[in-house]
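One structure follows; several queries about it will come next.
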Amino acid sequence: MPDPTSARPVIQVIAYGPQSFEEQQVVDADSVQRFIGNFPVTWINVDGLGDADTIRRLGEILKLHPLALEDTVNVHQRPKVEQYADQLFIVLRMIHASASRDTEQVAMFLNEHFVITFQEQLPGDSFEPVRERIRTSRGVIRERGCDHLAYAIVDAIIDGFFPVLEVIGEEIEQLEEETLSASSPATIGRIHTVKHDLLTLRRAVWPAREAVHVLARDPTPLVSDETRIYLRDCYDHTIQLLDLLETYREIGSDLRDLYVSSVSNRMNEIMKVLTMISTIFIPLSFLVGVYGMNFDPDTSPYNMPELRWQYGYLMIWGVTAVIVLAMVFFFRHKGWIGQNVHRTERPA
Amino acid sequence: MPDPTSARPVIQVIAYGPQSFEEQQVVDADSVQRFIGNFPVTWINVDGLGDADTIRRLGEILKLHPLALEDTVNVHQRPKVEQYADQLFIVLRMIHASASRDTEQVAMFLNEHFVITFQEQLPGDSFEPVRERIRTSRGVIRERGCDHLAYAIVDAIIDGFFPVLEVIGEEIEQLEEETLSASSPATIGRIHTVKHDLLTLRRAVWPAREAVHVLARDPTPLVSDETRIYLRDCYDHTIQLLDLLETYREIGSDLRDLYVSSVSNRMNEIMKVLTMISTIFIPLSFLVGVYGMNFDPDTSPYNMPELRWQYGYLMIWGVTAVIVLAMVFFFRHKGWIGQNVHRTERPA
Amino acid sequence: MPDPTSARPVIQVIAYGPQSFEEQQVVDADSVQRFIGNFPVTWINVDGLGDADTIRRLGEILKLHPLALEDTVNVHQRPKVEQYADQLFIVLRMIHASASRDTEQVAMFLNEHFVITFQEQLPGDSFEPVRERIRTSRGVIRERGCDHLAYAIVDAIIDGFFPVLEVIGEEIEQLEEETLSASSPATIGRIHTVKHDLLTLRRAVWPAREAVHVLARDPTPLVSDETRIYLRDCYDHTIQLLDLLETYREIGSDLRDLYVSSVSNRMNEIMKVLTMISTIFIPLSFLVGVYGMNFDPDTSPYNMPELRWQYGYLMIWGVTAVIVLAMVFFFRHKGWIGQNVHRTERPA
Amino acid sequence: MPDPTSARPVIQVIAYGPQSFEEQQVVDADSVQRFIGNFPVTWINVDGLGDADTIRRLGEILKLHPLALEDTVNVHQRPKVEQYADQLFIVLRMIHASASRDTEQVAMFLNEHFVITFQEQLPGDSFEPVRERIRTSRGVIRERGCDHLAYAIVDAIIDGFFPVLEVIGEEIEQLEEETLSASSPATIGRIHTVKHDLLTLRRAVWPAREAVHVLARDPTPLVSDETRIYLRDCYDHTIQLLDLLETYREIGSDLRDLYVSSVSNRMNEIMKVLTMISTIFIPLSFLVGVYGMNFDPDTSPYNMPELRWQYGYLMIWGVTAVIVLAMVFFFRHKGWIGQNVHRTERPA
Amino acid sequence: MPDPTSARPVIQVIAYGPQSFEEQQVVDADSVQRFIGNFPVTWINVDGLGDADTIRRLGEILKLHPLALEDTVNVHQRPKVEQYADQLFIVLRMIHASASRDTEQVAMFLNEHFVITFQEQLPGDSFEPVRERIRTSRGVIRERGCDHLAYAIVDAIIDGFFPVLEVIGEEIEQLEEETLSASSPATIGRIHTVKHDLLTLRRAVWPAREAVHVLARDPTPLVSDETRIYLRDCYDHTIQLLDLLETYREIGSDLRDLYVSSVSNRMNEIMKVLTMISTIFIPLSFLVGVYGMNFDPDTSPYNMPELRWQYGYLMIWGVTAVIVLAMVFFFRHKGWIGQNVHRTERPA
């Protein structure tokens, strides 16, 4: 069922041919009838899915399959292509080129007279370059049919993912640097967020790959051979996206491992400091504790005669110095201090 | 063999056609014979598998294949579709939309005159919406044959998994937050439980995908082309389920890793406190230990003359202050205290 | 070559038809000739592979392929089905329903007149239910041919794995509980053993799946269509086995991760105790150390005048109390003590 | 669009046949027209993609497909082969045999009269051996057509990866040794870098495998059967590359695990030292602390009579010796000291 | 190009038929011409690839394809089978049944008159059993053609891996025991080495599987149907090898995890000792420190009156005993000491 929180749809119609062009924003579903068939290509873009009546009415006018229409308003579909008697039904997920990593569903019906797209949310979409090309008649889009328009829309949706991935790529590079030099507990949270985002994006792109593949290869009279060449190119872009996504995901996992290693290394560092301090001073404390005992030298010549030796006190400092030096030697032997010259340069 | 702890079966018969409808609860297996063939569609729902006689008798009356009947009462089958001479045998697993993550087996036989479903436990099933649609003649179900009923049942079973996954999704989000901010040893137990639940669900859904695929694609006169379109839609839902399950499983694994990292971070925090306290006070304790020694200043001018200096005691406090300051400087240099300003905002 | 430690084979012959039945234990290979062809089905079961002569002689009499016979005595074969001119050669691995997880090789030759099975070890096998069904003429086995007998044997071998898996399932559940509540160093050893056992079982079952699949699908006149339906059912069981095995393996891996987490948690707990004790008492020890110094208050008014204050000693206890309270407050702030109320209940 | 930071292209033309050979560097695109068709094979190599006009003009003259040309200037393509009406479009990634692990894109068009290659950056490429073979007429290259030239170029690009992998292989071996003997925090950073490099290389080689496979197998009149045999050989090299890459990646992951283990081992070592020192001296410090107490032996015979014993002080040293020996025995029992003779030799 | 460090080749010719047999070691390539065609089967074994001339000459005489010959001398090929006009080219990797895990390349050409094998290093190969069978005319080898000889050689190479794997299996078992009972830092190094060896072996065996599969299935007149049955058997052995390799690799990974767990457990053990000692003695040290303070009881009645109590000193020992008992109780409650009775026996 349609989500009641969705706002009322805005219906934009762009109808065109090699010579003709008309763009109009309509309010009720019936107004679109005037365009269909009177122009080589009519593109109806419905922004918002909140009004069940309008959508049902559009379905009746344009003879959209009820099952597909149900999928249109249920906005958690996986990207897919379905072929009905005389129309293609395409579902994809679109991303806004912003900092947010949320995707919205785009459902598209393609037939030889029109393309209708349904978007989930009101503000913003990836279609502006397509509209601009139609308005200014740039490229070949005005000369071609509905299938080329559908390709252009699909291509715009796919290309919308690249800037988002670029931002993620930069974030990963930054995290890589941070993890190697100065990671903090917040770093792992950010690594996790990036991995989560990549998972979300993959859920949107992975089935899109299959959908574009079906469009480019499966026999249907609705897609011309010429458009298929363009779709093949679009398919390549989807593969490239996935390739990038997978690479980032692998780096993300590596980063987590690297983070864990760096935390362990830091722990080692902390423990070394504690151990060195303790190892030096705990025996010394014992030593001075010995001569803090109150055995009475008067009672017995065996009771702490050192206390009355002329150089007794100096001897203590001497022993202290010997112990400290021995320990430093021991730590050096263990490799805990000094000589930490590590080769970090790359072999030529 | 039938599980002896199962209760006696309740047999509900719903027989209908475009014009006719009858619903009845019968006690003995023979009563169902009256319906078969007299209505376009007869749906027999058997709730409980405890009574071997009733089930054997139903098998005889409806000519169900013995091997399939054996699978029906053995409730640990994997979801599957099997084609016998003139009937389809479908096994699926159904989940109650409750907090429990247990599934029960549903076995279904489909033939052109009837659909018979066998459920494992007595209370509750996912079929109520289907029954309601038949009773109120909503949608197209009353106009269609047994294959459409079978589709409706399969669809109801599959859709029954979504609310459960939604609950798990919320739990995962909550765990994600908890792990990043304030995880406790109990958190890892809950993460493990969620992962275990997801594994159980996947075991139920994964083979269901294959079964629905077989129903939608494999040639059999028992399923009409029109119903296949509906089944294709149902197949999409199964894919969507699996997609969600896999995503949740990956997040679950990531959560575990995150948890381990957060435990390590906390350990680091604890060790830092210990090390700082020890590193400051252990040398100081040595220092004051030194002047607690009882070397006799009377015996020799070399024996602890500091004890009689005018400012000896103040000097000790001075040395203490110097050591503390040096240590604080050292900790600051190591990045153990202060300046912990971490960028956590996302790049625009 | 035959393993010399194997004992002398025991040859058991069961020959039967719908009306006839004979069971006999023979000593030399030649005795089996009497049965072949005189009964619809002759089942020769050879228990033990130690006597190369007997096995070679059996091979000659029954015209078993030399390569297959070589595989029979070499008991480390992977389960497989091989088709020779007029016989099928099947290798499977059988498990005794005991606590041990060892499997033994069963090699079987199938031809239209006889089935011959070779077992590795002497005591015990999974075939008793099959023998019993033949002896008592229960089910359809006496009416059917050699292919049905072969199916019954394969089915008995496959079903023999289920009780073993059930035991492992219970062990895993127990380990799960143990790891979450009170794991010990021995727990990880037991988890490892279970994982190792599952690996061994999978090596036996995974290729068996393929073998049963080949039997059920590949065209051969030796297997009738009716038997194929039964084999399909047996194939389902194999899939179910593998499904269970994989699930257990995944839980096993999760358990290991859980164990590592629980060890880390316990370490954290230990470190907290150490750090709290040290953090409270090390500064206090310093404090009392200060007043254990022997600076001479007689020499200078600056030398430890506190020692002669009226409430000096009480002041020390006061400072001690303040430090302890401050530390407790600090630990509470860090979340190391108190308020550990964790939600462990499941969301409704 | 072309990257504006790219420099102006350098166009090098090598035209040849069995008898003829001409090599020339041209400035404007139109100069290449003179060669096409007048030599059996014309190879145009464009170094740098900065000048959109030149590239567009070349596209017009040589009738290169616009979509392919777009891919040529957009330098982030995945390796691929695309077949247009009368030309093949091949994209690969080339690596300079230097320390850097960056790859540059090479786009190639193949038709029966010419091969045109577009390189990304100006200095250096892997083509010198091919040019040399043409100039000196070594091997069969001068006798063959454009397809053989294309093969030679593809082969040179693939072979260019081997020296880079060899360097990585040596680095991995060095890291392996370092991790086992004397790893430092920098080691994990280097392991991470190697893994990252391998990921980058795999992204370049993995799709190249597919591309070479398509060239060797897919039917196209542009590639002769003879050249296909050579391409099959080149395909083998790609497989070998990937095989090596995957092996190195697995070793890389193993190395990381090894590193984590070695860090844990070192931590254990540190903790052992700390624990041994603390366990020996903390009780001893308590002991000497006891006899540092100032209970007045004069007030009561129960107040520290030991202080006046004749051998009191010696007794303390005796107790100290006993405690130390007991601890050493305890540590030896725990396996913390001594007897660390580990078998590291391999079983024969 | 041929590796210049390789030694001069030793060429051994074995020519035979059902009745005839001749074995000779030749020096120059031309001497082999005498055998070809005069015996049903001629086997030329070239040991060492250092002499480019000899190999080129052999290529000319036997009409070996230049590309294949190039692969022969370049000893880093992956195992493969390639079909040329009238010969098969097979590359495999052979292992010496020694402690070393290095493999050497074997290249083999098969044609209806001869088999020629090229080995990499001089001493030792896996072919001795084959030579022995030919010399003694054991088995069917003398009756069969070149294809059977090729099979026998391939089979000998594959079987040569089993003893090596057996040694590794024993090593793994030993490591398993060691890790569970008494692992040392050296253990992880040995686990890593075994994993590395298994990776190397898999690189040799994995493509061999594919190669043997191609030999057994692909249609070529050079391999008779009878030999294919033998090759199928050899293929089974390869699968078995891989199966074993994969199992060992999984156990290897499990071992690593087990090792990490055991290190963590040992760390826990160490920390417990440290914590227990510190937790008991640090508060006690504070206590005795208190009574080591020099507050003057003469100045004020509040200044340490305990020092003059009659049972002051005994009270201290009493408090000490109470603290120790309380701590022991606390440790027991935490489960750090005593009651460590773990069930390690297996459920029946």
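So that you can tell them apart, the chains are marked A, B, C, D and E in the order they are listed, and the count of residues begins at 1 in each.
Just so it is clear, contacts are C-beta pairs under 8 Å (C-beta built on N, C-alpha and C of every residue); 3 or more make two chains touch, one makes a residue touch a chain.
Source: prediction; values computed, not measured.
Between the two copies, chain A and chain E, the Cα superposition rotates by 145°, quoted to the nearest 5.
We define each chain's centre as the mean of its Cα atoms; on that basis chain D and chain E are separated by 24 Å. Once the centre of each chain is set as its mean CA position, chain B and chain D turn out to be 39 Å apart. For chain D, residues that reach two or more other chains under the stated contact definition are 260, 264, 267, 271, 274, 278, 282, 285, 289, 292-294, 304.
Under the stated contact rule, the graph of chain-to-chain touches is a ring, a single cycle where every chain has exactly two partners.
Beginning the circuit at chain D and passing next to chain E, one meets the chains round the ring in the sequence D, E, C, B, A.
Put simply, chain D touches chain E in their complex at residues 176, 180, 229-230, 232-233, 236, 239-240, 243, 247, 250-251, 254, 257-258, 260-262, 264-265, 267-268, 271-272, 274-275, 278-279, 282-283, 285-286, 289-290, 292-296, 299-300, 302-304, 334-336, 340, 342-344, 346-348. Of all residues in chain C, those touching chain E in their complex are 67, 71, 76-78, 80, 82, 99, 167, 170-171, 174, 182, 184-190, 192-193, 195-196, 199, 203, 207, 256, 259-260, 263-264, 266-267, 269-271, 273-274, 277-278, 281-282, 284-285, 288-289, 291-294, 297, 304, 306-314, 316.
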